[in-house]
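In the part that follows, the structures are each spelled out as structure tokens.
Presented sequentially are two complexes of subunit A, the first with subunit B as partner and the second with subunit C.
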Partner chain A sequence: MQNKTFKRYKTYLPIMVMMLPGMIYLLINNYLPMAGLVIAFKSIDYSKGVFGGDWNGFTNFKFLFRTTDAYIITRNTLLYNATFIVLGTILSFGVALLLNEVKNRFMSRFYQTVILLPFLISMVIVSYLVFGFLGEGQGYVNNTLLPMLGLDPISWYMEPKYWPYILVLVNLWKTIGFNCIIYLAAIIGIDQEYYEAATLDGASKWQQIRTITLPLIAPIIVIMTLLAVGKIFYSDFGLFYQVPLNSGILYDTTNVIDTYVFRGLLQSNNIGMSAAAGFYQSLVGFSLVILTNYTVRKFSKDNALF
Partner chain B sequence: MKALYDGIRFKESNSFMGVSYFMSKWKKAASLALVASMIWVSACSKSDKNDSTATGSAAPSSSAAASTDSGETYEVVMGYPLLGPVPKDLGEVEAAISKITKEKINVTVKLLGIPFGQWFQQQNLMLTGNEKLDVMLADFNTYGGMVAAKQLAPLDDLLNEQGQGIKDVLGSKLDVARIDGKIYATPVNPLPLGGTAIVMAKDILDQADIDISTINSTNDLDQVFKSVKEKNPAIIPIAANPQGSMPLTTLFDTLGKFDSLLDGLGVLDSSDSSMKVVNLYETPEYTDALRKLRSWYQAGYISKDAATTKVTGSDQIKAGKALATVAGDQPGVEKQAAAGTGKEMVKVTAQKPLQTTQGVLGLIWAIPANNSKNQSKAMEFLNLTYTDKDIINLINFGIEGKHYTKKSDNIISVLPGDGYSMHQSFMFGNVQLTYLTDLEDPTIREQGKAFEETFVDSKALGFTPNLDAVKTEVAAVKNVTAQFVPALETGSVDPDKILPQFIEKLKASGIDKIVAEKQKQLDAWLAASNSK
Partner chain C sequence: MNQANRTWQWISHTFLAVLSILCIIPFVLLFSASLSSEDSILQNGYSFLPKVFSFDAYEYLASSFSVIGRAYGITVIVTAVGTTVSLLMTAMLGYALSKKDMPGYRVYTFLVFFTLLFNGGLVPTYLVYTQLFDIKNTLWALLLPGLLMNGFNVLLARSFFINTIPVPVLESARIDGAGEYRLFFQMVLPLSLPIMATIGLFTGIMYWNDWNNGLIYITDPQLYSVQNLLNQIMQNIEALKSANSAYGSASANIKDLPGETARMAIAVIGILPIMIAYPFFQRYFVKGIAGGAVKG
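Presenting the complex of A and B:
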């Protein structure tokens, strides 16, 4: 028995070795810093070191709930990510379907590359691309597009109400390429015989998509969505900090938990309060993951993560 | 997260290929990996602990280690913001300074200049990340907070032992830096700086036929900006600085009477003898200033991108895109501005000088408590920046013969080239020791003395509030000011609409509590200083 167990593990040894770098990365980046969570409950005293400060209960959390800040950042984080998940899934799946129909190999690769390109651009550069469009001095929209339509220029960086749309647009533009490749890979993996049989039965393209592609891709979509929901309380820092150029007046619609924590640390120079906000983020994020997984389990046990 | 993600995709793609046995074994493999990782955690945390005890014990013993002046040469890291690009020959200058310091106090020096746009972020990250930093530039804005967080080392003992030169140079100015009886930073001994001035590019003014003697107050600026804009629509008349330095509100003489009591959250009207702390953002003077800025913004006098700009006003003028910017006032400020912009500049005084605690503490040098591994060496070096003419001029102008030539004993001519051009001699140690450039008025130091005599002392000079008790409120209020101030103070938004929202949010965040706390401390300070 002992020997057998060992043999079994031996078979998987290469796979485990392959896993090692990822695990080490996780450990260093995600597990070790967890010890720092205690800082949220301490009054930081630099002369006593990071863990040496006095306990001060929930004092650090006070500033978060003193104003409407906690509500706004929670709302923004959740709504943005929910929108990204829903629209992102629909669009990347749609684009994958379209790409699958492009039969010319060269063109198909060309489109894929073009769509993927934004994913590879750093957010800092994206922020300047957006600025190139929306800036007031030389921005394309204000100086070319709007005058052409006979409209007045808009101070984009001063008007919070436009930013939900701008940020969603930028995010979709940037991330669709990557997600659609995953879907495309799955679609390509579907046995062509299904489609041939369907064509013989006279099924239209739309019927084929609905009854063959969609059901066979469903597990992938569920997994991708679950993963995204797991991260729903973590926001793309670059998107929310760099792209609006850290313009204060936009905070109502651009402030998310990550940017809030970052600014808190920079402005008030107070680790305790930043840690408190981070703790709050982890707590809510954790509950959301458990909740989503629980819901998925209810409906389909196989698709749940754990 | 990414690894998890890859792992699951791996699992999925396997089931696609029909290798289903892998899935059933997945859990076991995962549990083994978990065990392995736990061993890792314990190993890591163990070594981590060792590390922290090592550094923990090193900190208190550092002063002891310093007094036994061993043969080991210590490297002093000096952190400060760079107003221009990183100088190309920084390494050579470092070596030249180190040569002197090694001989005198057995230390080498590393000049850690950080571009101004990133300075505040970097500075915080260095302090919280315990990076090595021995002496650093700080300012009145952050001083109180840093002291409250115990980030700065108390300097009294160090000053007595290694800082005699600083004490001689600064005299009573050092006492202004006291918080709860202790000194945590040494003010730069500057050419007197107070109030603000608007500095303008002369070529653009000439083009628009403007005689600056006609400009006497902020209200006259309207006409200037108007004619410049008419003559040359592409020019932005007044360039805003990036967030955090010299906001455009400093142009308004009406706001000059407010002593900001360290951070501007709760200010004192110095022209008034009631000694009442008020919320600056609710004063009619502030509203008027915002309205004026708004009208400038709408007329195109302020750049549309002013609230989010990362380019300093001086660089905008250098690029030929702007006419003027705000600067701290002092004799010869136009010459300094000229050095920074490469253009002939003229100045008009905007705010009259008010001698306040934060004026004296405008720029200060401090020794970070945890980042410096050898505080007494740091102090020895700091002392040299107040007393050693060679060192201070190396920092400011670079190497003689390469970056500048001497014209007479105290006057130099900066050589062209971008090897080492800093133009920020106002922030290092004893500014009185720096050479004068041939572009400067040789009588500038005498003018400075006369200028300093025009200063009106604030009624709260020497008072530094300790905001520890209202820390939560300060953090919340600062979030609010960060949200509204950049837009409001560049005229980018309508004050009639946004200012009430701002004030309402300030109140919700507890500004009144901060004002009350400052009032309480000010009253106590007044009572104490009157009884003396």
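Presenting the complex of A and C:
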């Protein structure tokens, strides 16, 4: 018996050696930081080594939730993500429907190429593009668009009230292409016979969309939405950090959990509260993933993560 | 084609054309600004067609080649090394996890899978990498954190191995005396070219576009990648401008920095390689997204 186990290990030894680099990387990059989450319950003291500070219970959390920051970053994270999910889903699905109608293959490919372009570039570049429009001195909007409408220039990077619209717009611009391709792939996968039969029966395009496409794609929309809901506590750091150029005046409408954690750690040296906010995000985020996955399972076992 | 169909075609094309224009137009503004003269930009702002055409910005960039060339070099090296190592590690781990008889198979698979559900977040990751491994201000900082390998790609590769590599072929090669490593490198990898190409493409783009690691771990300008340089230039000009307006002093320093046009020119240079390569890999890119190769 023991001999057999030994033999099995021996056969698989080369395979396990191959596995080693990847596993070591996951240990360093993923598992050590998970263990490091305990830092949220400690006072940070670099002289005692990173994780050697004294336990201080929930002190960091008390400080965090005593500020209005905790409320603002949670509110912003949730509201922005909810808006992205609703508008993003409607628009990407709509665009996918229209793309599916384009029968000219060259044009279809052309449109796909172009609407994916924003997805391809980094948020730093996006911040340059947005600056080209909104820059106070030279931006296109202030120099050309607003004067044309007879309006005064606006200091975009100083006025928090405009940023919910700007960020939603930028996010949609960047992500519609990506989501639309996923929906398009699903729509193309629908059996053409349904449509042929419907056409014979005299169904209009609109009726076909309502009674064939939509019901057949609904499960995918539900699953994509649920997966996005699972990530609702995480936000696109680049969008909220780069695009508003890290402008402090805008924090009220641009600060989300990820930017708050980043600034606490690297800019305002507020590591305790930053760690507490990070822990809060990890924990709630994890619970949401588990919860949504449970829900996805009810709809379709194949699409659940586990 | 009947009337209703034609109307649908017409609506689709119009809408998609408008959307396409919206997607392209910011790039046009950027490109045009980089080709304008500094004076015309200062007077009239950015526009979609250069009011006064000028190559000054690009000449300025050529004259500061040492900075930009260096950043380019770093981006290229990090992208090339990162993507290669990433592919190798992903494939090897994915291959191992496709062996369901391996001792500990379930545990290993779970360990990979769990990283998709839960993570420590920025603060502990930062502390691990800076305090335990001391990678701050080294090239490792651009290569290692977060980007090198992710569980998602590993599981993707694994399911490809399970579904498309025929076990009998491997068995017969094994009987012919091929070792596991030879099997992997000479049979499995060549058979897995499609999935490797997809994962490689997305990893490469991720490395090329990454500014996050540089922002967090790099403070030494010598180690800036193109993205970090762009980041720095945007922040510096903002900082300088606000300092200047606060003290009301005429801008003496600002002349030394890239002006409005040079800044846009650097951004153009930053996206140009990807824009040029895009038409060639566009098909694989779309396929990869449609096949679920990227996590949204």
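Everything below uses one rule, namely that the second predicted complex is superposed on the first by the 251 of 306 C-alpha atoms of A that agree within 3 Å, B and C clash if a C-alpha of one lies under 4 Å from a C-alpha of the other, contacts with A are read in each partner's own complex, and residues count from 1 in each chain.
Operating definition for what follows: a contact is a pair of C-beta atoms (placed from the backbone, for glycine too) under 8 Å apart; a residue touches a chain by one contact, two chains touch by 3 or more.
Since we're looking at a predicted model, the values are computed, not measured.
Novice: If we overlay the two complexes on their shared chain A, which of subunit B and subunit C does A:118 touch? Say first, second, both or neither.
Specialist: Touch partner of A:118: subunit C, not subunit B.
Novice: In the superposed arrangement, does A:246 touch subunit B (first), subunit C (second), both or neither?
Specialist: both
Novice: For A:278, decide between first (touching subunit B), second (touching subunit C), both and neither.
Specialist: After superposing on A, A:278 lies in contact with subunit C but is clear of subunit B.
Novice: Check whether A:30 is in contact with subunit B, with subunit C, with both or with neither, and answer first, second, both or neither.
Specialist: Both partners, subunit B and subunit C.
Novice: Taking the superposition on A as described, I'd like to know which of subunit B and subunit C A:150 touches: first, second, both or neither.
Specialist: In the superposition, A:150 touches no partner, neither subunit B nor subunit C.
Novice: In the superposed arrangement, which partner chain does A:132 touch: subunit B (first), subunit C (second), both, or neither?
Specialist: A:132 contacts subunit C only, not subunit B.
Novice: Using the superposition described at the top, determine whether subunit B or subunit C touches more residues of subunit A.
Specialist: The larger set of subunit A residues in touch belongs to C.
Novice: Now for A:103: first (subunit B), second (subunit C), both, or neither, which partner does it touch?
Specialist: second
Novice: Looking at A:265 after the superposition, I want to know if it touches subunit B, subunit C, both of them or none. Which is it: first, second, both, neither?
Specialist: both
Novice: Look at A:238 in the shared chain and tell me whether it touches subunit B only, subunit C only, both, or neither; answer first, second, both or neither.
Specialist: Only subunit C is touched by A:238; subunit B is not.
Novice: Based on the A-chain superposition described above, do subunit B and subunit C contact any of the same residues on subunit A, and if so which?
Specialist: Common interface on subunit A, subunit B vs subunit C: 8-9, 12, 15-16, 19, 21-23, 25-26, 28, 30-32, 35, 49-51, 135, 137, 182, 185, 227, 245-246, 265-266, 271, 305.
Novice: Over in the complex, which subunit C residues touch subunit A? Could you list them?
Specialist: Touch list, subunit C to subunit A: 4-5, 8-9, 11-13, 15-16, 19-20, 22-24, 26-27, 29-30, 33, 41-42, 44-48, 88-90, 92-93, 95-97, 99, 101-103, 108, 111-113, 115-128, 131-133, 144-146, 148-149, 151, 154, 179-181, 184, 205, 208-212, 216, 227, 230-231, 234-235, 238, 260, 263-264, 267, 270-271, 274, 278-279, 282, 285-286, 289-292, 294, 296.
Novice: So in the complex, the part of subunit A that touches subunit B is made up of which residues?
Specialist: Listed in rising order, the residues of subunit A that touch subunit B are 8-9, 12, 15-16, 19, 21-28, 30-32, 35, 44-47, 49-52, 59, 62-63, 66-69, 135-137, 155, 157-158, 182, 185-186, 189, 219-220, 223, 227, 231, 245-249, 251-252, 260, 263-271, 273, 305.
Novice: For subunit A, which residues are in contact with subunit C within the complex?
Specialist: 5, 8-9, 12, 14-16, 18-19, 21-23, 25-26, 28-37, 39-40, 49-51, 95, 98-99, 101-103, 107, 109-118, 120-125, 127-133, 135, 137-140, 142-144, 173, 175-179, 181-182, 184-185, 204-205, 224, 227-228, 237-238, 242, 245-246, 258, 261-262, 265-266, 271, 274-275, 278-279, 281-282, 286, 289-290, 305-306
Novice: Quick one: which bits of subunit B touch subunit A in the complex? Just the residue numbers, please.
Specialist: Listed in rising order, the residues of subunit B that touch subunit A are 1-9, 12-13, 16, 25, 28-29, 32-33, 36-37, 40-41, 44-45, 48, 52, 55-56, 59, 120-121, 124, 127-128, 142, 145-146, 149-151, 303-305, 307-308, 369-370, 471-476, 478-480, 482-487, 492-493, 498, 505, 508-510.
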